[in-house]
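The first chain written gets the first letter, and so on, giving A, B, C and D; residue counts start at 1 in each chain.
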Amino acid sequence: MAELTYREAVARGIAQEMQRDNRVVLLGEDIAKAGGVFKATVGLYEQFGPLRVRDTPISEQAILGAAMGAAMTGLRPIAEIMFSDFLAVCFDYVANEMPKLRYMTNGQLSCPLVIRTGNGAGVRFGAQHSQSIENWTMMIPGLKVVAPSSPADVIGLMAAAVRDDNPVIFHEHKALYAMKGEVPDGEIVDTLGTAKILRPGKDCTILALALMVPRALEAAETLAREHGIDAEVIDVRSLVPLDTQTMLGSVAKTGRLFTVEENPRLLGWGAEIASIVADEAFWDLDGPIVRITTPHIPLPAADHLEDLALPNAPRIAEKIMRVMNG
Amino acid sequence: MAELTYREAVARGIAQEMQRDNRVVLLGEDIAKAGGVFKATVGLYEQFGPLRVRDTPISEQAILGAAMGAAMTGLRPIAEIMFSDFLAVCFDYVANEMPKLRYMTNGQLSCPLVIRTGNGAGVRFGAQHSQSIENWTMMIPGLKVVAPSSPADVIGLMAAAVRDDNPVIFHEHKALYAMKGEVPDGEIVDTLGTAKILRPGKDCTILALALMVPRALEAAETLAREHGIDAEVIDVRSLVPLDTQTMLGSVAKTGRLFTVEENPRLLGWGAEIASIVADEAFWDLDGPIVRITTPHIPLPAADHLEDLALPNAPRIAEKIMRVMNG
Amino acid sequence: MAQKPRPAAASAAGNDDIGTENRLELYRLQVEIRDTEKRAYDLFLQNLIKGTSHLSLGQEAIAAGFGVAMEKGDKSFCTYRGHAHTLARGASMEGMLGELMLRDIGLMRGKGGSMHLTSVEHGVMGSYAIIGAHLPIACGSAWRAQYLGEKDVTVCFFGDGTTNIGAFHEALNFAVIWKLPVVFVCENNLYMEYTPIGEVTAVHNPAGDRASAYGLDKIVVDGNDADVVFRTARAALDKARRGEGPSLIECLTYRHSGHSRADPAKYRPPGELEEWLKRDPILIYKQRLREFGIGEDQIAAIDAESRRKVEAATEACKASPSAPVELLTQDVYADGGWAWRN
Amino acid sequence: MAQKPRPAAASAAGNDDIGTENRLELYRLQVEIRDTEKRAYDLFLQNLIKGTSHLSLGQEAIAAGFGVAMEKGDKSFCTYRGHAHTLARGASMEGMLGELMLRDIGLMRGKGGSMHLTSVEHGVMGSYAIIGAHLPIACGSAWRAQYLGEKDVTVCFFGDGTTNIGAFHEALNFAVIWKLPVVFVCENNLYMEYTPIGEVTAVHNPAGDRASAYGLDKIVVDGNDADVVFRTARAALDKARRGEGPSLIECLTYRHSGHSRADPAKYRPPGELEEWLKRDPILIYKQRLREFGIGEDQIAAIDAESRRKVEAATEACKASPSAPVELLTQDVYADGGWAWRN
């Protein structure tokens, strides 16, 4: 056991896989000598050398295109897109090229790669460097999508992503990079497509992702302590594949569903899950499904406004309390 | 009254607005002299001349960037992105630049423009030229998004889009271009953010968009004729703003909701509406909300497979019948 | 702005660096490509080809020149206008035509369609239909070869119009700074879909005049002369294989048909097509064979064999059923299925 | 690959095409920009600047040179490293610093933050934080001027690293074929964030060596000499205003500080900064003023006035509250609100 930060976990997860498999290579802007602008790849250049850890120009299309071409001919690249917002400048690869390659070629070609990207808000970077864009990637058939909330999950899901034969989008949360957590020694390999019940409960189910996980947990404690509401908190972790069994199972037990989403409202990941539950678990439900999200706005830079926009523990607790009691 | 095709309606809607306002200009690939690859801009170059109707290089970022720069300094451009799938190559403008401009500048700048794009399947163009990507645009705060299903709606919503002071994404459905419809004479101006009840009914509500509208209507006739189910069919028309009042009102009446979406399943527009209804109209619901979508796959080129993938009237009717009777 | 067809290169009969075997192969490929694409056009008129299709009638010399110069194991990245390049690497006519007809016999059993022809066993690593997307992807393939020490070269084909999209620029810079074994081949056929390239491009040679922006040599050659293309290809492939980095080659050519099956190509100035038909690559090459003493009987035999193969392929395609419907949801994910949930 | 600081241009005291008024203005702007940015750095150390911020200490001559050469009504498009360009067009120090401090007094009342400084009344049409995005947008502004027959010129600033992204390429080609009144200004400060530009660029001059790919002249100038920048700017602005189309200008310079507030700039080779500090644009320009006979008292007065203004601006910003929370949901849509539903 060791205590690691989330950013250290990124480097450790990658190192674990690079050590195991010589075909794993890294590319991105400022990731090599400088160790990444979020310092999440520190040490990898030194450990694995300039052929395996490569700085690129500011050419996101070339980064993802090259990763794809390498993946389909035999390597297993990990590409960094510095801020997830920048997926918009190379979205053709994310939406049209990588995820459709296997299908269009009738299985002749494969695209085993990972796109790591700094996602999410909380660091006062303003509207174009703070978005939670898991939904941009969740909606595309052919991708897998994960968003870990703890250092241990970072390592395990990174390993699973690298070993997976599909293109996997790996959302790292910028506001979690400094977060610390216990991490077991030795190799860690997790499983894509598995949610985790972090706090069992019987009165309602709260689904959360990434930065919203600690906030949902904190809200659950408040609900228990102050309102006698025993919430089950599930870390969704993987949007594709989606662990619907765990979620449906939880709703079958609690009868109530809340999602806590950092993204702006329209078509956040919770919308899909809400629609699944409203179909398949309708008769289990004891009341409305409620989504707690950032309002449907671009994000402001100012600290007090940004704090106001994102769901936080008091707001989550308050909303759930009012719905449950109302 | 005149009978027009959907593609002729596009040109007529644009012409109406260009005649009214000299600041309306058109740009895109092959749209001028050639009249567009879908022939939806035929005659505009001849009528309005080379300064107002301009062919561009294959530079989608330059097309949308130029449209934006012109819009924020005084013009009202209509930009064509030939196939909606290609929004991925210029997605930064769609997701990060246009919709956030006003907010980030605290209202100093405005972005009044329209992006027209050929959306949807049914023409055997394969996985990268057939997508229904309304959700890519619906999820972005700051955009407005429409998708007309008839020639008359095309004209009226085009006029409303051009007159709106926000960036509006105008999804034209490729498989509807040849569709004919009656169109009133004279100026037509519709209202963004309004859904239309095309077939009143009392047993269930069916929401549909674009190509799915005629199919939903046909399914409703089958349901009435063969199963005694009286479905209310609503053409959603506008995803942002979203006419939730019409939808909630309908569900309050019928107690049952179905969406018919051409997009692949995850985070299709219906997910958002389902989540709204599962929250706000939960107590009105008499049973599960069911989404009928294309499976979560890239689209195949082969005609028989493509036909199988998209929701069609028999499949819609059959599904609704089974759910309603089950 | 518009280029004129170039005068035929001087005969080099006395000094043959290409050799009879390669020449016959260059001819055979051009004829087979031509015949197969003409057949595709007929099948379209018979409504047996349902999706779109983009013929490269008139551009065969480029595919043939590279096809013969490339080695087994080399990788091709093509566009939607990639029938010729796919055949040139050895993929079967029925695989190609069958895919255009969206039948089970097609290279991807109808799942991809004409714009995405792929035959990995022949080194055809896909055809890409979103302009410019495959240039960076080709860089990745070349990077893999460089990293693993594999000796294959990646060749990436695209049109003149493609030089104006961002991905072109990113890929060229990337290939040069990483010194990748990749050859970029611009087939300048004077038009994007319907718009003349000269109207939308800041320089005369859309690729050639940009080479220096990446520190590369300007290489602009007659794309209607298969010998010229072959020599140029061989030099660039050798250079890449020696580890000396990428090349950018602009081949001047012309498409005889419209952009796609929907296009009657009315936007062309009168006489333009006729001029270029005089420089039809197959006409040129038949003449070349004669200059090099290849007998009429040998030429006729190749012609006849090509027609025979096209007939056989057509029959095979017509006899092929549609793919089984189970394919609809296969191969979305690597486990062979499409499950996005448990 | 790395450029060396250029030797100072020969004095041109005898032949003054710039004039005292412009010269004083060039000096004043450089000093005020320098002082304001140094203050921003102090405020950051005091934890009064919370978001990110990107200083352009050492690059002031470019902003000043263009700021003085541009006319009222001309449009500036800047990057996240746009404090200098915003001030150079006349925006207030407290508006700029206030935005960095995310206070109500800021240019966008804290909604945009340091990376999106905008002051439309001064022609600053935004600062863009996604690399390359604003080059096509600047084309659109210039297109509007051309279409409406308005006489303003659009100027678009960006860094060396930006020349490797696709939007750069698309915008340059677009501007040339439409002959737009736009001036593209590449501030080559040798680095992208932490990576030397030479390591990731196929040519020596990232902008200059690419001009020919768009049929443009290669213009590479000393970006640390405000006179040189001013002359170059004036010529390009005049050309654009005459309807003769765009220019691409590469200004050689260096940033004294790290990329952003988070960056200690350890990646620099030893001695590099020191070399460039000898060529500090303010040092150079103070000397220039002296050569042109401007008295020490006049110089000292400008220096003092600048310091005074910075103090006053700092106090105003510190006194400013945060913006009211109602702003959170304002101005998403043109009706002033954020309603996405009825």
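Here is the rule we use: contacts are C-beta pairs under 8 Å (C-beta built on N, C-alpha and C of every residue); 3 or more make two chains touch, one makes a residue touch a chain.
Fair warning: this is a prediction, and the values are worked out from it, not measured in the lab.
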Most distant chain from chain A, judged by the mean position of its C-alpha atoms: C
Pair joined by the larger number of C-beta contacts - A-D, B-D: B-D
Interchain centroid distance [CA atoms averaged], chain B/chain C, Å: 36
Separation of mean Cα positions, chain D and chain B [Å, integer]: 41
Centroid distance [mean C-alpha coordinates] between chain D and chain C, Å: 46
Overlap residues in chain C, where contacts from two or more other chains coincide: 109, 111-113, 116, 130, 133, 164-167, 170, 173, 177, 199-201, 327, 332, 338, 340
Where chain B touches two or more other chains, by residue: 56-57, 59-61, 85-86, 88-89, 92, 96, 103-104, 126-128, 141-142, 240, 265-266, 296-298, 300
Complex interface listing, chain C residues touching chain A: 75, 77, 107-109, 111-113, 116, 118-120, 125-126, 128, 130, 133-145, 147-148, 154, 166-167, 170-171, 173-174, 177-178, 327, 330-334, 336, 338-342
Footprint of chain D on chain C - complex, ascending: 164-170, 172-173, 176-177, 199-203, 209-210, 212-216
Interface residues, chain A side, partner chain C - complex: 25, 51, 54, 56-57, 59-75, 77, 92-93, 96-97, 101-110, 112, 141-142, 144, 164-166, 193, 240-245, 276
Chain A to chain D touching residues, read off their complex: 29-30, 33-34, 37, 55-61, 85-86, 88-89, 123-129, 265-266, 295-298, 300-305, 308-309
Residues of chain C that touch chain B when the two form their complex: 50-52, 102-103, 109-116, 129-133, 161-162, 164-167, 192-195, 199-201, 262, 267, 322-323, 325, 327-329, 332, 338, 340
